[in-house]
Each structure stands twice: as C-alpha cells, then as structure tokens.
Amino acid sequence: MFLDCRDLTFGYQGTTKTLFKNLSFKFENPGFHSLFGSSGVGKSSLARILCGLLRADKGVVDTDSIDSLLYAHNLERLPGWSSIGAHIERITPIHNQDKKELLIRHFGLSTHLGKRFSQLSLGQKNRINLLRYLVQDFNVLIVDECLANVDEKLRARILINIKAMFKDRLFIYISHNVIEIASYCQQIWVLRGPERDQQAVLVRGQDCRDQKCLDRSSLQQTMLEIMNAA
Amino acid sequence: MFLDCRDLTFGYQGTTKTLFKNLSFKFENPGFHSLFGSSGVGKSSLARILCGLLRADKGVVDTDSIDSLLYAHNLERLPGWSSIGAHIERITPIHNQDKKELLIRHFGLSTHLGKRFSQLSLGQKNRINLLRYLVQDFNVLIVDECLANVDEKLRARILINIKAMFKDRLFIYISHNVIEIASYCQQIWVLRGPERDQQAVLVRGQDCRDQKCLDRSSLQQTMLEIMNAA
Amino acid sequence: MLLRRIYQFLMIYLIGLAILLMIKYVVNLSDYVIPSLGILLNTFGGISSTYAHDVFSTLCVAIIGQIFSIMLAFVVGILGRKTTWLGSLIKVAAYNIQAYPIVALAPIIFILLGDGFVSRLLIAAMICYFPLLLSVVGILAEPITEVEHFYQQTGRMRWQLEVKIRSFENLPKLTTVIAGSATLAMAGTIVAEFIAANAGIGYSIRIALYQSDLSKILVALFMIGITLSIYQGALEIAGRLVKSAWEQ
Amino acid sequence: MLLRRIYQFLMIYLIGLAILLMIKYVVNLSDYVIPSLGILLNTFGGISSTYAHDVFSTLCVAIIGQIFSIMLAFVVGILGRKTTWLGSLIKVAAYNIQAYPIVALAPIIFILLGDGFVSRLLIAAMICYFPLLLSVVGILAEPITEVEHFYQQTGRMRWQLEVKIRSFENLPKLTTVIAGSATLAMAGTIVAEFIAANAGIGYSIRIALYQSDLSKILVALFMIGITLSIYQGALEIAGRLVKSAWEQ
Amino acid sequence: AQENLTYRLKWLINMSTVGDIVAVHQGCFLEQGLTVTLKSGGPERDAIRDLELGHADFGVASGDQVIQAISKGSPVVVVAQLFQKNPLQWVYFKNKIRIDGLTDLKNKTIGVTFGKNDEIIMRTLLVKSGLSERQVRLYSVRLDYTPFYKGVADLWPVYINTQGVEIGHKLMASGASIAFLDPESHGVLFVANSVVTSKRLLEEHPERVHRFIKGLIKGWTTAVEGTDTDRIVDDVRRYDRDTSRDLLFAQLDQTRALVKPGKTVSIGRINVPAWEQTEAIMLANQQIDRPVNVGTRLRLEFVE
C-alpha cells in the first residue's frame, strides 16, 4: 500500500497565488507518517485534494492500492441529537466493537459518553471525533490537527496506542508539534511552499512505539532536520 | 492590578459533577501568566466564569482593580462580509493603529489581509482572531488556545513580541504546550480537579523575554514541576 | 407562558377596539358604521356560544390542514432540496401554485373535489403550507459541512440523515415557523369557509358581512384571536418539549 | 436559468390543463363546466392582450407591496427578536393580525383608510409579509455566538450589527424566502384587487367569476404564472448578485 | 364653477349601472355643474358607510341595506329608486323541472346566499307557498355556478339583467333551455338599487341634491329611452371590457325593463308600498328588531 502524488499543481480559484507547483511526494508503506509545514503552507488543502474534496489543476494522485481513504479534521462536529456514546455505538461496525471499547478507554472518554457534543471541552471534542474515524474500516487516515487541543501526556498515550492497534494502516498525521512528529512518525514530508525549488523534503522520523524508546540526541537531530527543512 | 478568585464552586447545570470546589487562586501582577491542566479539567469553564459568561455557584471573583477583561478563544469566527484587513481596520481604535501595523507584521498576516475569514488556513484564523483582541483597550486578556494551530516557530515569535509590546497588561495564557508555558509564563496555575485536596497549584515559570534566554536545566526543572503538579 | 399569550392578545384586541370606538365618537358615526360598545356586548352575549362552536369546528379543520401541510412542505422540501432538474421543477410547481390567489383556484378545486370537507382542508393547507415550504426548502438545501463531513467521508450519508442533521441544526427556526404557521392554517380555513362551506366561523363571517353587521365581525375576530392564542401557546409548549426531548 | 423557469412553468400549466380536459371528457362535462380547448384558445386570442396589461399593473403593485413587507418584516423581526415582554407583545400582535383572514379585516381597513391605492397595498403587503416575518424572526432571534462573542466582549454589539451578522450567516435562507415571497405578494395583490380595486388582473378574475367563465380564469392563471416566473427568475439573479457582492 | 361629487355604486360597474355611466359620460352631470366620480362597490364596501365617513356624497344601496342602516341610527335618506323591479330571480332548467306555482318548489334544491337578501326573499316565497322549510333543501351559494350546472342544485339565484343574460346565452348555445322564477310575479316586492344620500347633505345643500338627481335621471332616461344604443353600449364597455357587445345589447334590453317596466312609470320613482313591504318582510324575518318607519326617510320630491 502506498500513496503517490506526482506533479501536483494547485491554486484556489479567485486567487492568483499557486499553492503547489509540480509537487511530488510518496508515502511508501503502511505506518505512521506526517505532513509538516508552517501555518498556511497548504497541508489542509493537500489533504482535501487527496480525499477528493478539492481537485488539483494538474498532476496525479495515485490511490490504486487504497480501498478507503478518510480525512478527519478538527473543525468537525458530532450531531447533537444523541449522546456521544450513542453516536459512537451507532456508527461502529459490529466487527470493530472491541476496538471501540479499547479506544474509548485509551482516549480517556469513558466517563463522558453520556454527554452531548456541545457539553464537551475542546480536547474532548477533538478526541471523540478522531475516535469515530478510527472505528471505521479504512486503509488511509489523514489526521489534520485532530489532537491539537489535547494535553501532551494524553496525546502521547493516544498516539502510542493507535500505532500499536493499527499497524497495517497508513496514517498521515498533520500537527505543529515538532517533538511529537519527530518522535512518533516514520516518513515526514515537509512542505515548503512553491517558491523553494524542492517543494517537499522527506525526513525520516524516530518512529517510536512506546514512550521510552527515545534516544535524546537522535531525536534532537531529527527535530533539527525538520526545522531546517521547513 | 491583580485577579483574585476565592472559594469558587461550580458545576454545570444538569450534571452531577462539580468542576470546582472551593477553588482559590490569584494572579498577582501584570505579566504573562498561565492556566494549565489536562484536557477537560475546566480551564475554559473557569475563563468563562472570569469574564462573566458563566456564574459560579459560590465564591468571589475580585476584579475591582481591572477595567476591562477580555476572553478570546479558538472557536471564534470573523464576520464574512468583509476582508480580514477591512475588519481589523474597523475595529481598531485610532490610538492603536500603530500597534496594529506592527502586530500584523509580527503575526505574519501582511499578505493575507485581502482574504475573507473562510479563505484562511486554521493557523491564520487563530492568529487574526488573537490579533483583533490585542488591538483593543484591555487590562486582562484570557487567551484560550488561540494559537493552538500555529506552527511553533511563529508562535514563539508571536509570544515574544506580545510580551514586549504589552508589558503592563495581565495575560492568562491557556495552552497544552508545556515547554512554551514553562518558558514564557511567569505565574502558572495548574488545575488538578476537585478530587485532589489542593485544587490549584502555583508554579513559577521562566518568563523568558527572548528566544535565547533559555537555561536548559532550569527549564527542564520547571517542566517537571508542571507535569508533576498536573 | 400560555397565560401571557392570552392577556397579550386581550391587550391588542382592546387597543384595536378602543381605536375604532374613538373614531366612532370623534367623527360621530352611527352604529351602522361602527357599533357602540353596548351593541357589541349585546351581540357578544347573543352569539358568543354559537361562534365559539364555529371557531372550534374551524380550528379542527385548521389543525388537520396544518399537519397536512407540514408533511407536504417536508416532502417538497426534501425533493426540491437538490439542485437537480427535477428538484427545481418541483420547486417551481410548488411556488407557482401559490401565486394563484385562492379565489381564482377555488372554482377549479370545487369542480374537481366538490365542496365538502376535502376542499376546505385543501384550501386551508395550501394557504398554510407555502410559508412552511419556503423555510423548509431554505433549511434543507443548506449543507452543514462540519457535521456532514464525517458521513460523506464514510459513505454513510442518506437523505434521511441529511434531513435529520439539517432539521436538528435549525430546530429553533423550524419551530418558530411551525408555530407561526398555525395562524395561517386558521386564516386559510376561514377563507375556505368564506368562499365555499356552510359551517365554521368563516361562513359566519360571510353572513355577517352580507348583513353589514360589524359587531358580529368584531365578536368573530375576538373568538378567533383567543382560540389561536391558546393553540399557538400549546404548540410552543409542544415545541419546547420536542426540543428538550431531542437535545437531552 | 430564467428560461428554465419559464419552460418549467409551461410544463406544469400544460399538465394541469391536460388533467382538467381529461376529466371533462371522461366524466363528459359540458363546455360551461369546463371549457373545451377550442373555446380556451379562442378566449386566449380575444383577451390575452388586455390580461397581459392587467397582470403587469398587478405586478407593479405587488413589487411595491413586497418591498414594503420586507421592510415591515425586518422591523417587526428586529423589535420582536428579543425575548423581552415588549418583544413578545409585538410578536403576538404581528401573529394575531395574520390569523384574521383578509376578508374579515377588509371592511375595517376600508373604514379606516378608504379604498384607494393604500388599502390595496396594505392588503397585498399583509398577505406577503407574514411568511417573511416568520423566517426573519427565526433568523434574527438566534445568536451566532462564534461571531458575536468578540463584539459582546468588547462592548461593541449594537442591534444593527447583530442584525447584520445574523442576516449574513443566513443569507441563503433569506434569499430563498424573499424570492419565494414574490409569489405571495402577487397573490396578495390579486386578492386585494378582487376585493377592492377596479383595475388589475384580480378585478378581471372577479368579473370572469361573476360571469362564470372558467376559460377566462384559465387564461388569467396562465398570464399570472408566466409573469411570475419571469419576476422570480429576476429576483433570484438579483439575490445571487447581492450575495456575491457581499461575500466577495 | 364645477362641484366635485363622489358616487359610490352598490356593486361592479356594469350594465346594471348603465344610467349612471351615461350620466357621467354623456354630460348629464356636467350640465348641472357637477363633476361626478363613479366608484364601484362590493360586499366589503357599502355606500351608506361611505356617506357617513365622508368618502362619498351619493350612493346606491338596496332597500334592505337602507332599512338595516336606519335601524342602527344611520342618517341616510332615499332620494330615488333606480330599479322598479328587483333583478334577483332564480334560474332553472326547463327540461328538468317545472315551476308553475310556488308549491312546485317542494322537494327542490334551491340555491340561496345565506345572509344576503335572496335568502329573505326565498324565505318569504316559501312562507307564501305554505311549504315548510323541511320540504325544500336550501343550498349555500358560492361564487361559481358549478353546482347548478352539474345539477346539484335545481334553482340558482341570478341577477336577471346581467348574469341571467350571460348564463342564458351560454346554456342556450349548448342547447339547454332555461326559465326564471320571478318573486315579484308571486307578490313579493323587495326594493333593490336606490339612490341614497346623507341627511346632512340634504339639509345643507338641497339644491345640490336636486341637480344631482336631475342629472342622474337624465342619464337613466337616455339609457332607457335613447336610440343611440351603440353609444350607450360603448360607454358601458369602458368599464366592462370582458363582456361581448352582443351580450351587452341583450343586457341593456333586460335592464331597461327593470328600470321602466311600464309606460306610466316614471324613471327613478320611489315605490312607497314596495318599501313598506320590504320593511315588513325584514321585520318578519327578524332582520330588524323594531319598525323603522322607512316612509319617513323616503324623499319623493326629487323625482316627479
């Protein structure tokens, strides 16, 4: 399984600026990968192109090896007519019920299932939204700042658990937290804007599977690479 | 100028859980302070109480020394009928026009002023929203995850500039980024939930004024203190 | 709530009446043009029980008509919500029919359906349904992307779900319109009775008009107003119950 | 767009006509119950130009009435948007008046205002304004907290701004309702003419009814429909222009 | 100098108001120094109200309206009576039913407009016929004629000089034959269109009333006796564009017979016994609760 994009060119209609110009990158195998770049560089736009919500002006998105690609972002809301527990219950396929239970525990949401979406804190909203994507059947999941408002401790726990539970899936994790990306991601594509001659640079991350794997200096090294690339 | 809360008790109507029970804390002087705590502990609720959107069941919020307290959070939207540049222009008092120009530059928004709010990236939305509060006349500003979706480099620059420009104001910065809080904040109140016997613990931060001030080991120390308190 | 509605209505009615009487005495008009308070009270005593009965029978038709038109508005709203050719055809049809004043359509309706209960109902429903339709179309045609995104992504979106999401997000607007359309259902039924029927308050108003008897008309307006205040109050309470049941 | 509206209208009209004629031949009704196609075409040739002129004069009144009622709906919507006592009194008044079928109010209107242009306009506006009012009240009463928060916090909130924010966020709904209410303004004007005026298509319909001439009524319906399709199409285009001007 | 007057009619401006139209358009009022504006009427606007409100100076009202208004204290006076015969009659299919005497109404379905004067007239006819109300079926009339056409109702009320002509024409064209039931031939007199004004105008400006009536009677005389019928019909067509010329000629003939039923009758004459009978009928039907002595409001001096 891979996700290959070649020569993407794109600019929003009505604006003169091109966002991507012949952008090419490739996520080569399942695992926890990342799209990184400064605010406004085009990560969310790229994600929208990948999942088909936007169409590139030019170029190819090769998704032949992928059955189902989902895009989760952090402005989503759950419907308000039932509790989040009831909602999750309804949208989980039967064969994923076990996963659901486990995830609810890992995500620290057990005591909040009776609440409506509007009664949650921001970080709780973030978590429940990501959770409902994880219990779907997918090959590729783009996670666009879905945990931006969750505290770091919990976020680390969540990432580690996701990595353990979904080894065969391809994640594209979009976040501004450099340490996190350097620690947990494998292939990190850093976007740099169309004015730079190499628009996307690949950095290899530490791809940690638990909280203790961290070798301080190599992490430092990766972080530097990322920051320099961006 | 100070912000003093004594014996706050609060729980959302229709829920049984009390969020705060005789919570007391005090921000003692102008500067860049923080409210910290894990997701769902009640930071945003507390902010809503401080600015009067919610009413505590019991307790006193002493704001006698404060003329104007504003609360900015990250779900806000700007009206869509004009460009963000025009909006900012309209809502900036004349005597703050210079500040406005400076802030737009520091916030990296100069090239986006012609856009509508809906055409911005998430981080750009975050920034323009915070900016419009900063150009108001305020004594206290609560910043509730307003920069959560901005990249770290830019965020650091923004914080340093805010601290330099608004020395006489009191900021309460809510964020999940521990390094950032440890580095830039002065008084850090860590919320821990009503089941712990000391509901809020005060940690002194590094209160850096530029990017180079960091003394690695004392920062590490502060971070540990914060993490242990939470 | 309900009580407030009633006494607010009374206030408005009395203000209106006072203005009429003032004109009467200032311009010095005879009882034929504007009845005196004495005549009015007299008429009230004489016919209030008959009229109460009439208004009740009208209200029953109005309620059925309203239910009918709520359903119709949703059906058309659901079908017309898409910007497809068929959707817009249905909308054009629904809009056009409304442009025809009922006075012009009535003969055709009577030819097709006779002048029994069904015609009355149809006319009532037609007058009441259009405002509903407008709101329902407006609401159902507008995507709520933040909520719908997930269902679109996971291929779960069905029209029922779409309708449910959009209705829920616009619940306050919908209940305003539905409660408000009660008055229209009532007005519609009265018009239908006025044109065709031989029962109901509309029929009584017609007779009063032929007899040039303004005092009867004023009594009728009073009865209609008070009944409607109660009905609308009840609808609002029901709306609040639905809302809290759905949201809690 | 405009063209599509017109030929969709034609389609609907022809379907309706076909049904009527079918009934005529199936039940074997005479020409005076339902006119034959020949009579209809004949009538059309004879009176279409007069009727076209009538419809145009009606349309002019309708447009003024619609503008008037849009303004009225906004005024009442703005005043009635708060949940204060006065707000709810205004809403009750605005709702109650609507419950009275125009036929019952007409005599009072004529007593108060005479039977000139003003009364006609008032009746037209009353019929058209209520659906507008319902939507406008629904829209203006619902806070858009994410946008309004800043203005509340900084003490900048004025009612004008509140109205602007809520209107803007509900622009598609508002334009749907305003475009749709054109049909109601037309219907209202026709009813007013039917009751009171001595010009316009409503007056012609009354005469046709008086003469029991269904073929003339069918021609009138045709004229009304086609005019309205054009007017509504124009309104929709205007709505789109406003939207793009405001949003871009 | 010309004086401006407003003249409110009872119903639409059509052949029933031919004399009024002629008076306006053939200069009869101008000769009297009056400029008269015609206003059509309808169920929601009656002339007597307009007189009181000052919206009109003269008006046309039916006998029952006048009596009703007097009973409620309206200062209205009658200065002329336009129709000597009430135009209201009942149409029926001759090949379907046969009405020779009033008793033939037995078991028939009769259209009446509840609340309007045709209801009272029919009830009076029924009283005269000796039939009880249970022996006929009264059917509520609405705007269109479909129930009659479809045979749901046997008799249907029409104004003989306008609707009667149109419907008769239509039905004749399709081979049906119709007849009319005329209440007057069964002894029921019920006054129709009459000219009214307010007491005040009469007292303050009797000469103005005089001139108005003079002009009006001249108009009606021209309409009824004039030979230039083309011009008369053309004048009516200014208002009633939708009725064909042929029909208008037929309507004119019918109207003439109502306004001047016999050689000896002068146009505009107030038929006092008819008014008294009208009052009696209304009293009997509890339309008014006590006698109003309508005779005191009839001003016979304007029409010789």
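As written, the chain order gives the labels A, B, C, D and E, with residue 1 at the start of each chain.
Everything below uses one rule, namely that contacts are C-beta pairs under 8 Å (C-beta built on N, C-alpha and C of every residue); 3 or more make two chains touch, one makes a residue touch a chain.
Bear in mind the structure is a predicted one, so any value in this text is a computation, not a measurement.
The minimal number of chain-to-chain contact steps leading from chain B to chain C is 2. The chains in contact with chain C as well as with chain D are E. Chains making contact with chain B as well as with chain E: D.
Across all inter-chain contacts, the pair with the most C-beta pairs is C-D.
Computed from the mean C-alpha positions, the centre of chain D lies at a distance of 36 Å from the centre of chain E.
The distance from the centre of chain A to the centre of chain D, each centre being the mean of the chain's C-alpha atoms, comes to 51 Å. Rounded to a whole number, the gap between the C-alpha centres of chain A and chain B is 26 angstrom. Residues of chain A in contact with at least two other chains: 75. In chain C, the residues touching two or more other chains are 33, 103, 107, 111, 206, 209. Residue positions of chain E touching 2 or more other chains, listed in rising order: 44, 49, 53, 143-144, 146. Of all possible chain pairings, those that touch are A-B, A-C, B-D, C-D, C-E, D-E. Interface residues of chain D, counted against chain C in their complex, comprise 4-5, 8-9, 11-12, 20, 23, 33-34, 88-89, 92-93, 95-96, 98-104, 107-108, 111-112, 130-131, 133-135, 137-139, 141-142, 172-174, 176-177, 180-181, 183-184, 186-188, 190-191, 194, 202, 205-206, 209, 214, 217, 220-221, 224-225, 228-229, 232.
Of all the residues in chain A, the ones that touch chain B in their complex are 12, 15, 37-40, 42-45, 74-75, 108, 112, 115, 119-124, 126-127, 145, 148-155, 176-178, 227, 230. Residues 12-14, 39-40, 42, 44-45, 49, 53, 55, 143-146, 149-150, 162-163, 166-167, 170-171, 174, 239-243 of chain E are the ones that touch chain D when the two sit in their complex.
Of all residues in chain A, those touching chain C in their complex are 51, 70-73, 75-81, 91, 116, 129, 132-133, 136. Within the complex formed with chain E, the chain C residues making contact are 27, 29-33, 35, 39, 103, 106-107, 110-111, 115, 195-198, 203, 206-212.
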